[in-house]
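In the two complexes below, chain A is the common chain; its partner is chain B in one and chain C in the other.
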Partner chain A sequence: MSRNLARLHSSDEVSVTVLVSIGKHPVTGRLRRADQDARALEMALGLSDSEPRVIYAGPLNDSTEPALRGYLGMGVSELKVLRQSEQNDIVPALSGFLDNSPSSLILCGSRAELGESSGLVPYQLADALGYTLVSNVAVIEEVTATLAVVLQALPRGQRRRIEVVLPAILAVDTASPVARQVAYAKASRGFINCVVTDAAEDDATEQWHYQPARKRPKRLKIIKATSARDRFKAAAAKAEGTGGQVLTSVSAEEGAVAILKVLKEEGVLKT
Partner chain B sequence: MLTSLMPWLLAVAILLAVVGALRRARLWLRGRASNVNVWAGIRAMPKRYLVDLHHVVERDRYISNTHVATAGGFVLASVLAILLHGFAWESKLLAWLLLAASGAMLIGAVRVAKRRQSPPDRLSKGAWMRLPKSLMVFAISFLILSLPAVGLLPEGFGGVVLAALLTAGIVWGLAEMFIGMTWGGPMKHAFAGALHLAFHRRSERFGGGRSTGLKALNFDDAQAPLGVEKPTDFTWNQLLGFDACVQCGRCEAVCPAFAAGQPLNPKKLIQDMVVGLAGGSDASYSGSPYPGKPLGEHKGGPFQAIVAREGKGLLDADTLWACTTCRACVEECPMMIEHVDAIVDMRRHLTLERGQTPNKGAEVLENLIATDNPGGFNPGSRMNWAADLNLPILADVKRTDVLLWLGDGAFDMRNQRTLRAFIKVLRSAGVQFAVLGNEERDSGDVARRLGDEATFQHLAKLNIHTLQQYSFRSIVTCDPHSFHVLKNEYPELGGEYVVYHHTTFMERLYRDKQLSLKDWVGGRVTYHDPCYLGRYNGEYDAPRQLLDALGIDRVEMTRSGFRSRCCGGGGGAPITDIPGKQRIPDMRMDDIKASGANVVAVGCPQCTAMLEGVVEPRPQVLDIAELVAQSLIEEETRA
Partner chain C sequence: MNDIKRRDPRSEWILRNRLHPEHSTYALTHATGIMSEWIGPTGVKRKNPHLVGFIGPSGLRRIDRSGLQSSQQTSVKVQVDIDSRRFIQINAPSDYIVVVPELPGGRFSAQDKDLFGLAQQLASKHSETTAVLGVILSPLKDTALGEIGMDRVYFADASEFSDYDPEAHLQQLTAIEREFNPLYWLFPEQTSISADLGRRLSVKLKVRATSNVWQLDLDTLIATCRASGGTSDLYRPVSRVILALAECAEPVSDTRHEAKPIDQAINAVDVIKRIRNLGAVSVDPAKVALSEAEFILSGGKGIANWDAFHELARRLGATEGASRVAVDDGHMPRDRQVGATGTWVTARVYLAIGISGAIQHLQGIQACDKVIAINTDPGCDMIKRADLAVIVDSSELIQSMLDQLQQRQEEVQNVA
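What follows is the complex of A and B.
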C-alpha cells in the first residue's frame, strides 16, 4: 500500500472526537474499557500528535469510573463526561453536545457491551447530526481537511476502500488493530470532567418488557465429505444464500418494491 | 629528599581522595530517600565486610586468598605509611610491619596478575588490566622504602636514581590506590563497596539472613512517578550499590539469559547504571556486552530516561524483560548488589507509567485484572479439575489445619496431575486440609515481576481479605512462586501466614512417620532446584531428603543447590519472550542429561512446564509429589 497509513496531513489538522462507553468482560462481566471503543481511541491516537477529544455519555459512579480510567490509561489526559442516568437515552445528549462543539471526525465502537447494545447509536447520531456514517471501519488510511479514506471490514477478511467526505462518523470494527495497554499511572492521573447537558428520558425502553434470553439450539452442519479437500471446502465455504436476486441499475422505486416484496414474503412486514 | 616529599605526597593524595569522595557521594545523594539506619550500618560494616562478603568471595578460593593478602596488605600498609611517612613517626617495629604489609600486598598483587594473564571472559579488561601493575608498584615502592628504615639497606642506598624511581612509583601507587578510589578507577569498589555494605537496603541479608521479597511501591501520592525512569529515581543506596561493582562477572557467568544469548548481562546492567549515575556512554566498558548489542551505541545521564522513549538510551527495554528474576546473579555477587530489585524497579516504570509490557505481557495483565488468573479462564471454573475429589472448601468448613493453596496451576492440565498426587499424599497422611476453591485468586507473582505493582497489590489485598475470613494453621502450596509471595511479600501488605512448600510439608509428614513409603523404582533421578524455593527461600534439603526417603538413586547436576540454573520460567520471561540464540530450558535439560538421570524431579509448575516443553527424547519430568504418591503404601483400611 503506497498510501501513508493513518497519518494526518499536518497542514490541515481535523478535530477528532472519540465516543467511548463502559465495557463488560465477556467471561467475568467485570466493567472495563469497551473493546471496540478502545480500538477507536487507538485509531484516533495514531492519527495525529494532538490529543483527540474523548467523550463518554452515561452514568458516572464508583463502579464505572475505574472502567473509564482505562481510556485515560491509553494516554489521553482528559475524558469529558456527559452525565446521564442509566435510563436516559444518550443520543440526544451526545448530538446536542456535538452540535455545539462539532468535530469533523467522530470515532466510536460499533456496538456497546452493556445496555441495549443495539449498535444503533452511531446511526442515530449520524442521523441527528447529518453526518456521513461508515460502519465496520478497520483502518483509516488517510485524512485530509475534507476527506477520509478508510478500509471497511467485510466478512472473511475482505476489505472495501471507501472515501468519505467529512464530517463523518466512523464506527470501528473488531477487525481494527488491538488497543494499546493501559498504563496505570496515566489512568489514575488523567482528568474526568463533567459537562452539564440535558438528560432525555428514554420513553421507548420504559415500555419494554425484559426477560432472560432463551438459548436457542444450534443448527448442526452435517458435512458428508469423503476427502480432506471436501472437508476443507466445507469448512471454508461461504454461507451462500439461495433464491436471491441481484438487482443492478434499477430505479429507487423498483428497488424499494423488490425489497418490500421480500420483507413481506419473509413475514417481516405483516400488512 | 623523599623523606621530606612523602608527607606532601600523602597529604595531596588524601586531600584529592577526599574531594573525589565528596563528589562521588553527591552523585549518589541525587537518588531518592531510603530508610536505612546509618549508624547501625557503619557499626556493622566491618563485620559485613570481613564475614558476609568474604563468605561469598571464598567460593573462589584462589581469589579470596588473593584478596585477603592484597586488601589486608594495602589497608595496613596505608595506615602505617601515613604514620611513618606522613607524620614521620620513628618506630622500627612499625617499619617492620610496613615491610610485612607491603610484602603481603605484593604477594596478592602477583596473584592478581597471574589471574589476569589469560583472564576468563567474565572479567572486565581495560583499566582492570592495569590494576595488578598498580598494586605491584604500590607494594614494591613501600617495600623498598621500608628497607632502610628496618636497617636491611643503608640509608641513602641507590642514590638519586632509586629515590626518583621510588617517587615515581609512590606517585603512581597513590594515584591509583588513593585518588583512583574515589575518582572512579578500579579501586572505587573498595570505597563504594564499604559504604554499600554499611547502607545496604536489605540489611537482613547479613549474618546469614535472607531478604528476597520485592519492596512494595507506595501509591499514596498519585502525582509521584512510579518505578524508576532515570538513574536518580533509584534510592541513593541503590546507586551506591551499583558503584560498588567490582566487575568480577560472577553474575554474568551464572545468568541464564546471558548464556541463552538474550540481550542481558547483569554486570553490564550494573555498569550501565554507573554510566547513568555519572553521565556518559558505555564505550569505555571493557567487559562482555549484552549479547547482540555492540558497545558505544548507548548513553545516558542521571536525569535522562534509562530506556529512551525514542532512539537509544542507557539500555533497551528488551534487556530488562529478558531477566527471569532467578536471583542467580544476586546470590553470586560478592558485593551483594541487588540486580533483580533494580530490574523490577525499571520494569515498574515501563509497565505502570508507559504501558509498555512487551509481547503477551499486556494480555496477561489484562487477564489478571479481569479474571484473577493470567490465562483469562473463568474464575468460576478454578475447581473444575477436582470435581471428583470432593475437596473440602474453606467457605463451607470455615476452619482447617492446612489450607492448600492451588495456584493458577489449577487451570493447567499438567499441574492438575501434580495437585492430584499431592492430595493423594495428604489424604494418605490423614492431614486435615481444605482449599479456597473459587475464592482463590492469582497470588500476584507474575503481575509483580512484570512491573504491575498496582495489580499485584490489588490481588494481594483481595487474597488477604479472603484469608482473613477463615481460620487455618498453615498454608501449603505446590507452587514456589505462590509460596514466596505468600510468605515473603504479603507480610508488607498485612498478611502474615505460616507457609510451606509441599516438599517441605511432605518431608515433615515423613519425619513424623505419617507417610509410609516404599522404594520408588524407575531409575536415576536428579533434582532441579526451583529458584523461588532455593535461592529465594533457602529450601535445598527437604526435596532431597524426600528423594532419599524413597530410596532413589539421586545424582546431582553440576549446577544445583544455590547455583541451580533457572528453567527460564520465572519473572514473566515466558510471557515477554525475548528472543535469544537458544532457549533456557533446553540448556537446563542439557544439564539434566549430563547428570545421567532419566528422571528429573521438580517442585514447581513453571519448571515442569518449561522442562516438559523441551523436545523428546529427554528425561521424564516428574513432580516430587508424583514420586511420593507413586510410592505410598496404602492401607486397605484407609482407602
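What follows is the complex of A and C.
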C-alpha cells in the first residue's frame, strides 16, 4: 500500500501489538470495529511486513463477534481474545497478559466507543507495565529498536514531532490516516483465539448509571444590567466598536509595521 | 449668601477615608462639584433630577438619558461600577482546589474560564476558606488573573521545560499534590496538554478520573459525563480528578479574587525523560481546514492584486480565506468563503484586507480573538469590529508587508 509512511528497519526486531475494542456506529448504534482502533491497526500494518499481534479484551458473544471480525478483515489472520464479562475491568487482564508476553510497541485508540470511554486505559496500562505513553498520535515516522519518532496531532491541524523511548504505548488520534476497508472473505477466514486470563470485578461502576445522551442546554446570554438603559442596549445590540485601535492617515509602511508587530506578539508569525 | 469659602472638615475626612460607607457619594460630589446621584442607605442609587441635564431652547430642563453626557461624570461612574464587584480575599486557606488551564496561545480559553467558575462553585460549597489555585505551566500573556477566579496562582518555571513536556509537568503536579493535598484537581477535557496531564496524574495518584464531565450537581456531587463515545450520559459520583468539557459551569463574573502568587518553593523531583519534544512541524497552511485554522488572511473586494495576496499568505504562513464578493467574482474557491453562508471560523488571529464586513461575514468571525482590518473606508463595520484597523490602500500595504518580510528574512540570513 502506498500509505506506508514508516518502515521498520529490517534488522530490528520490534514486536508490535494492537489493542482493539468494539465500536458502535454513532447514528445506527450497530456494533462495528472501533474507528480509532482500526486506524491504530492500519498504522501497525503499515509498519512492517510481519503481522502485528491483535488483542481484544472484553465480552465475546454472538453480537460482538461480527464486529471483531472487522479487524480480521483488514488483513490479520489471528485475533487474541482475553475473555471478560461486561462488568470486568479489562486493565488487570491486559497488563497481566502483556507482562508475560511483552511487546515493545503497543498501539491503541484514544477513546473507546462503548462504556465509560474515559480514555484512561492506555494511561493505566502504561503505568502498570512501566511503558512510555504518547497520546494523540497521528503518524509514526520512524521506528528503530530503541526509539520511535511520531507526529502528534494538535488542535487546529498542527503537528508536533516527538521522539519516544521504547517500549511505548501510542494512543492514536482521529487525525491519523483512515483505516482500510474490511474484506469479507478475510474476515470470515481469520481465527479468533481465546486466552484464559484472570477476571477482576470493576467495583467503582456499581453506583454508575447510563442514560441515552441528553442534548446539552444552550448557554443563555446573561445580561447583568443594573439600569433600564443598559438592558435596552443589550437587547437591541448591534455590532459596535470594541475599542479597537484605528490608524488613520498613516503611510503603508507604518501600517505594515504595526500589523507585523501585532502578529509577532500573537505568536503567529514564525520568522 | 456670603461668598466666603468654608471648609467642611467632615466631608474632607470622608473623602480621605475610603472605607467610610458614604465615601463613594462624597467622591462623586467632589469630582462633579454637585451631588446629582448617590447611593442611598438601602443601597439603591438615588438621583436628584434638578441637578442633572441642561436647559433646553424652550427654557425647560432636558435630561439626556442616552449616555452622551459629559465624559468626566461617566468616568467617575465607571469606577464606582467596578468597585461593586465583591472582592474576595482568603488569608489562610484551609483547603485548595487546583485548576490546570490549557492556555492556548498563552491566553485563557473560554473553557479555562468555565473551569475556574466550576472551581469557585465547588470552593464556596465546601467552605469559606477554600482557595482556588491556578497552576500556570506555560508562559502567560493575560494579566487579569483575579477576575477569572484565582485566589492563589503558582507559576512553574517555564524556562526549564518545553511547551510539551508531560513528564516534567507531571513532576510539578505531584509536588503540588504533596505540598497542598488539594480537594479536587480540575483539567479541561479534550485539550492537547492539560487533558493528557490530568489522565497521567489520575493514574499516578491511583484515582479514577471523572472524565468528560459536562454538568456537576454541587449538592449531591454527582457528575454527568458524556460516555460511550458521546452517545450516552453517565451519572457517577465525582472523584478527585475532574476532566471537564467546555461550558461545564458559568465563568466567574460578579466577584474578584486575590490571585496571590505562591512564593514558597515547590521542589519537583527530576525524572529521566523518555519523551523528547522535537518541536512543531510546519504544516502546509493551505491544507488546514478553514474552520480550524489558527491564522487566517482573508481578502475581499478591496484587493486589486490577487497574486500579491497569495504571496503574502504564503510568506506569513496564513490560511487563506475570502469574503463572499471575492468568491463570487471568481478570485477564490467556494470552500474558502468565510461567514455565515460559508465557514464559521475559529481563528485566533484574523487579518481582513479589503473587507467591509457584511453582517454574515461578521457572524462568521465571531469566535476570532484578534481581528486586524485593512480598509480604505473608516466607517465600515469591519473597522468597528477590529482590534487594530489601518485605513490605507490595500495594494500598497500588501506590497509594504511583503517588503518588510523580505527584509526580515534577509536579516535573519545575514545573522546566520
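Keep this in mind: the second predicted complex is superposed on the first by the 206 of 271 C-alpha atoms of A that agree within 3 Å, B and C clash if a C-alpha of one lies under 4 Å from a C-alpha of the other, contacts with A are read in each partner's own complex, and residues count from 1 in each chain.
Please note the rule applied: a contact is a pair of C-beta atoms (placed from the backbone, for glycine too) under 8 Å apart; a residue touches a chain by one contact, two chains touch by 3 or more.
No experiment lies behind these values; they were computed from the predicted model shown.
*Asks:* With both structures fitted on chain A, tell me whether chain B or chain C touches more of chain A's residues.
*Replies:* With both complexes superposed on chain A, more residues of chain A are touched by C.
*Asks:* For A:74 in the superposed arrangement: first (chain B), second (chain C), both or neither?
*Replies:* first
*Asks:* Once the structures are superposed on A, label A:159 by its partner contacts, choosing first (chain B), second (chain C), both or neither.
*Replies:* After superposition on chain A, A:159 lies in contact with chain C alone.
*Asks:* Which holds for A:28: it touches chain B only (first), chain C only (second), both, or neither?
*Replies:* first
*Asks:* After superposition on the shared chain, which partner residues are touched by A:182: those of chain B (first), chain C (second), both, or neither?
*Replies:* first
*Asks:* Please give the residue numbers of chain A that touch chain B in the complex, ascending.
*Replies:* Touch residues, chain A against chain B: 25, 27-28, 30, 32, 73-75, 180-186, 188-189.
*Asks:* Under the definition above, what is the set of chain C residues touching chain A in their complex?
*Replies:* Where chain C meets chain A, its residues are 45, 65-67, 104-106, 164, 191-192, 196, 199-200, 202-204, 208-209, 211-212, 214, 224-237, 247, 250, 253-254, 274-283, 287-289, 292-295, 316-318, 348-349, 351, 357, 359, 362, 370-372, 374, 378, 381, 383-393, 396-397, 399-401, 403-405, 408-409, 412.
*Asks:* Flag every residue of chain B that touches chain A in the complex, lowest number first.
*Replies:* Interface residues on chain B, with respect to chain A: 222-223, 225-226, 351-357, 361-362, 365-366, 369-371, 376-379, 452, 454-455.
*Asks:* Inside the complex, what are the residues of chain A that reach chain C?
*Replies:* Residue list for chain A touching chain C: 23-24, 26, 29, 111-120, 123-124, 126-127, 132-136, 149, 151-152, 154-165, 168, 204, 207-214, 216, 219, 222, 224, 226, 229, 239-242, 244-253, 255-260, 262-263, 266-271.
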